[in-house]
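Below, chain A partners chain B and then partners chain C, in two separate complexes.
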Partner chain A sequence: MRILLALAALRSHRVRTALAVLGVAVAAAMLLCMVMLSAGLRESFRELLLARGFQLRLSPRGTLPFDTEATISDASTIVQTLAAQPDVVTVSAVLGAQLHVEQGGEGVTTFALGVNPAAQGDYELLEGRDAKAPDALVANDAFLAAAGARVGDTLTFAAGYDPQLRSFSGERTMVVSGRARFLYLASGQSAVALELRVLQDMTGRAGSDEVSLFMVRLRDGADVEAVRAWIQEHVPRVDAISTAEAMQRVDERLSYFRQLGFILGAVSLIVGFLLVTTLMTVSVNERLGEIAVMRAMGVSRLHVIHQILLEGLAMSLAGGIAGLGLGLVTARYLNSILSAFPGLPEAIDFFLFQPRSAWTALGLLVLVGVAAGIYPSWRAATLPIAGALHEEAVA
Partner chain B sequence: MLLAALPLFFALQAQLRTVAVGADLAADAGIAVGDTVVISARPPAGVGEEGVPGGRADWPVDSVVVSAIVERRADPSEIARNDYRVRLHLDQLERLVGYGNRVDRFAVGTFDSAATEQALRSIEDAAFGFQAHRSRDIAAETSTTFAVVSRFHRAIGVITIVASAVFLLCILLLKVEERRRGMGALRLIGLSRRTVFSTVVIEAAFVSVLGSALGVLVGWAASAAVNAYYQSFYRTPLRFSIVTADIVLFAVLLSLVLGVVAGAVAALRLVRAPPLELIGR
Partner chain C sequence: MTPLLGARDLRRDYRMGRRGEVVQAVRGVSLEVPRGDYLAIVGPSGSGKSSLLNLLGAIDTPDAGELSIAGRNVVGMSDRELTDFRLRNIGFVFQRFYLLPVLTARENVELPMAEAGVPRAVRRARASELLAYVGLAPREHHRPTQLSGGEQQRVAIARALANRPALLLADEPTGELDARTGEEIIELFGRLNADGTTLVVVTHDEELASAARRVIHMKDGVIVVPREESPTRRIERE
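The block that comes next holds the complex of A and B.
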């Protein structure tokens, strides 16, 4: 009965109600976007880091993986040290470098990863064979397009050029054995992967056995923090970064978006609250006579409060549900804008939809709807019946 | 005795090379101009000691004099990098880090744009493995991040404008409907529909301009707060938010247009209804 009365009151001012619902829908869309933004980037990054099951990354002390050109020497010794840790299952040593290939009279520069193909966690093979031979490498679509090459082609790569001697250094002829998708590289970034030892030879880093990064996979159920502390103690010249810590560092760098999400989400809630409160207050003011008659007939204060609160709630819910759809479309559009960030891995989404985001947005809107109805319902419930009836009769 | 030691002190000082230290590092480490500090590429916490896998016992260590403290540039590309900066002589850095005679990049000065084009071609033809870039291309590349953020802000701005328009329309509609009886009475005593319509529209325009003036003040304060917070957070002189005359004019005009349209829609509903219906009869 109360629900029907509340809906009837809303229907009696269709245009006004439609506008209010539209206003709440826009606020809800913005709110959902901001909830998705604040949680999405973090979750998306976590999923990316754990995509291949490596829980720890070891980078040169004081740096983030591939943040600088710093390297870690004596990689094999460190791999042996790490292998002694009972919770460590796989260690993947990775070296990053630039390689150049001359094709059609033009030089193409590409990012190269030296890995152990059997233990690597940087790419997934899409076509052909893995780079398991010293003269083989896998390449991504961006490189194949830039070099005009296909799987099976033979190319000559060089690690550098000595302008004084006018000669290539670290030159090697290699076969593109496969096509791969690199998980952590920016979309459109040209990349190849080859055996670690081969890249070390080409770049002159074989003697010192240098790598840029280690990725460490632990056994299921292992205490990541305990292993991290163990590594930090036994290999002090590296920074052992767990997934949680990496996420925290990304949070620090991209805290702007989280803060923006919080501020705009709060503004959306305030706008929705003001809109519903104003509408409900005006609606109650218009119906003072009607409410006074109801009260005179014996309708309880609680009934009046419930009815007004239900009106606010109905508007918030209708706007909220419409806003969720609008929010998903808006989030997709905003995500397409932010995906153009330079250097951002293709798999990262700023706006990630999770059912929890939708429930959070809807829950907050319900709270706002209820809160928005408190003042008008209190005003309606404390109305002096005789005075209101007298004013209504005079009017 | 002190006087006797002075020449030795100055001689030692004269041999020391100079470095410029970033203001962040100087503030955090309590370094001042004229201080002598020890620098090394050696990682901290005993790394490099014998017995540590891959450790080097022969990391070069230099004493240097801090000759300048430099403020961070207002460079958008460095916004999220909170690492400390020290500037030292090239040969000294090469020796400290053990890179040999190696550099990351060269900066080449040219006379004019034609000379720049010629230099680009010559360098790329002469040295395979080198890539020459125009300064403006690098500037465009490094500002891509902020171009993306700017596009994102514009999109958020459009959503905000839509939300504001709906809000304004709703409020003005309510405001007009609240005065149905008054307007009905005015119509009954002979005021024309046109007079009522223009009264409502002018009132809406006043409310919009007044609201937007208040909004400009709030926006200016919010902009100052945003700048103060993020400049302190990222330790940069970069301005994150600016309120210009163009922005103020755009906001006021947009608000006025929205207000007039919303007022006109609400007034139309009012003047179309018979006066007796407006006063509830």
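The block that comes next holds the complex of A and C.
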């Protein structure tokens, strides 16, 4: 009977209830977006780091991977040292550089990665063959579009270019053997990947055997922190960063995002709370006579409290469920805008939907719905029966 | 024999206005209502009739005095005890009907029974039976807005009878009805009393008052002329 009364009371003012539910839905959508935002970027980044199973990254001492142009020399020795660690399964040495290609009278500059194709964790091959020959490289769509090239084309690349003399250095003719998607590069950034030794030759870094970073994959169940400490002890020239530590650094950098998400989420909850409280208070004020008569007939205070709380809860739940759908659509739209920011990896999502996010948002709304009904239900339950009936009669 | 309702020296003051001026609404009222009685309380506006009815119905608490209903002393009961006591012992009929507009006539009648924990099937049957008693069997699925004033008041009377109360209290039950509809309610009250319901009615309606077995007059918060049923009237009724 209480549920019937609560729902009937909401149905009796359909337009008002619909508008309130819509208001709660907007607040819920905003809340969901904020919950998704606060966890999304972090989770997305974590998934990205672990996408190829490399748990450790080694960069020149005092730097982060590709933060500067600093390099690590004598890479082969380091690879041998790392391979001696029993928990290390794969070591991928990576050199980053710029390459230029002259195509149809137009110069195209692209980012190039020198890797060991058998052990690399930077790209996934979409078409053709991997760059497993000294004259082969794989390229992404952005490069192929900029250079007007296709898989199978032969192009001449150069590691250096003097714009005043219009002369190239470190030139090499190579075949585009495959098309690839680079995991850590920004969307739209053109890139190619070739054998590490070839890129070192082209850039003049073969003699000192320089690389930009190492990616290290450990066996399942290995203690990442213990291996990291071992590496720091045996290879003091590098900074070893575990995924957990990288996440910690990301967390520090994303703290503004989380604070923004927290504040906006709290605001949306407060708006929802005030909306439902206001509506419920108006509804109770309109029904003082009815409530007083119910109490006179012997309806308990608890029944009155339950009924008003149920009304608030029903409104919050309906708004919450509608808001989840609205929030997902909004998050997808906002994600498409934010993901296009220059410099961000293509695979990064700002808003990541997780069932936990939805349950969190819905749970918070349920709490808000209950809390919003507290004042109006208290007012209704403590109504002086005789006084309310007298005022109604006078009115 | 113990009366169904016994009030002794009931007093109720209200504090009004910013200065908290005291208005003595009920000033030492004593009365007894035996089982099966039909008592009308009449008097001018502001005489304290409704305030007295609120005290007799245990929806307001006296500042002083004693009140027992169905053998229970209701003064000093907690709110929870009073609520349960009203639910099982007292039925109310108000001038403005106060039916819940979101419920049908039958659901309105079912409400006190649902609160008392009566099983659904039982309360539905009883609600239908009561609506038939007040002549509204065909309208049980209608909402209050689809009923006339007289019909709404009859639903309110059926609702007041739902838990078989020992005492039925009515505050100006014909106040919002036209003369003809008022007569129907008066006739219904007479039938209820004849069937054993104890009634206390506050009214300005002389016709309703004259239908009662006893009439008491109130003025300035006190009973001024307790008027027993005249011998002529008793003969007429019998």
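One rule holds in what follows: the second predicted complex is superposed on the first by the 389 of 395 C-alpha atoms of A that agree within 3 Å, B and C clash if a C-alpha of one lies under 4 Å from a C-alpha of the other, contacts with A are read in each partner's own complex, and residues count from 1 in each chain.
Here is the rule we use: a contact is a pair of C-beta atoms (placed from the backbone, for glycine too) under 8 Å apart; a residue touches a chain by one contact, two chains touch by 3 or more.
Quick caveat: nothing in here was measured; it's all calculated off a predicted structure.
Q: Check the residue A:12 against both partner chains and state whether it touches chain B (first), chain C (second), both, or neither.
A: Only chain C; A:12 stays clear of chain B.
Q: Touching A:390 in the superposition: chain B (first), chain C (second), both, neither?
A: In the superposition, A:390 contacts chain C only.
Q: Answer with first, second, both or neither: which of chain B and chain C does A:278 touch in the superposed model?
A: first
Q: Tell me which partner A:254 touches in the superposition: chain B (first), chain C (second), both or neither.
A: Only chain B; A:254 stays clear of chain C.
Q: Once the shared chain is lined up, is A:115 touching chain B (first), chain C (second), both, or neither of them?
A: Neither partner.
Q: Going by the contact rule set out at the top, does A:290 touch chain B (first), chain C (second), both, or neither?
A: Only chain C; A:290 stays clear of chain B.
Q: Would you sort A:78 into first (chain B), second (chain C), both or neither based on which partner it touches?
A: After superposing on A, A:78 lies in contact with chain B but is clear of chain C.
Q: Check whether A:298 is in contact with chain B, with chain C, with both or with neither, and answer first, second, both or neither.
A: second
Q: By the touch definition at the top of the document, which applies to A:333: first (chain B), second (chain C), both, or neither?
A: Once the two structures are laid over each other on A, A:333 reaches chain B alone.
Q: Applying the document's definition of touching, compare chain B and chain C: which contacts more of chain A?
A: B
Q: Across the complex, what residues on chain C touch chain A?
A: Interface residues on the chain C side: 50-51, 54, 57, 59-60, 79-80, 83-88, 90-92, 94-96, 98, 100-103, 107, 110-112, 114-116, 159-160, 163.
Q: State the interface residues of chain B toward chain A in the complex, per the touch definition above.
A: The contact residues of chain B facing chain A are 43-48, 52-56, 80, 82, 126-131, 141, 144-145, 148, 151-152, 155-156, 159, 162-163, 166-167, 169-171, 173-174, 177-178, 181, 230, 233, 269, 280.
Q: State the interface residues of chain A toward chain C in the complex, per the touch definition above.
A: 1, 4-5, 8-9, 11-12, 289-290, 292-301, 303, 385-386, 389-390, 392-393
Q: Applying the document's contact rule, which stretches of chain A touch chain B when the two form their complex?
A: Listed in rising order, the residues of chain A that touch chain B are 13, 15-16, 19-20, 22-23, 26-27, 29-30, 60-62, 72-74, 77-78, 81, 100, 102, 107, 109, 158, 160-161, 163, 168, 235-237, 252-256, 264, 268, 271, 274-275, 278-279, 282, 285-286, 330, 333-334, 337-338, 340-342, 395.
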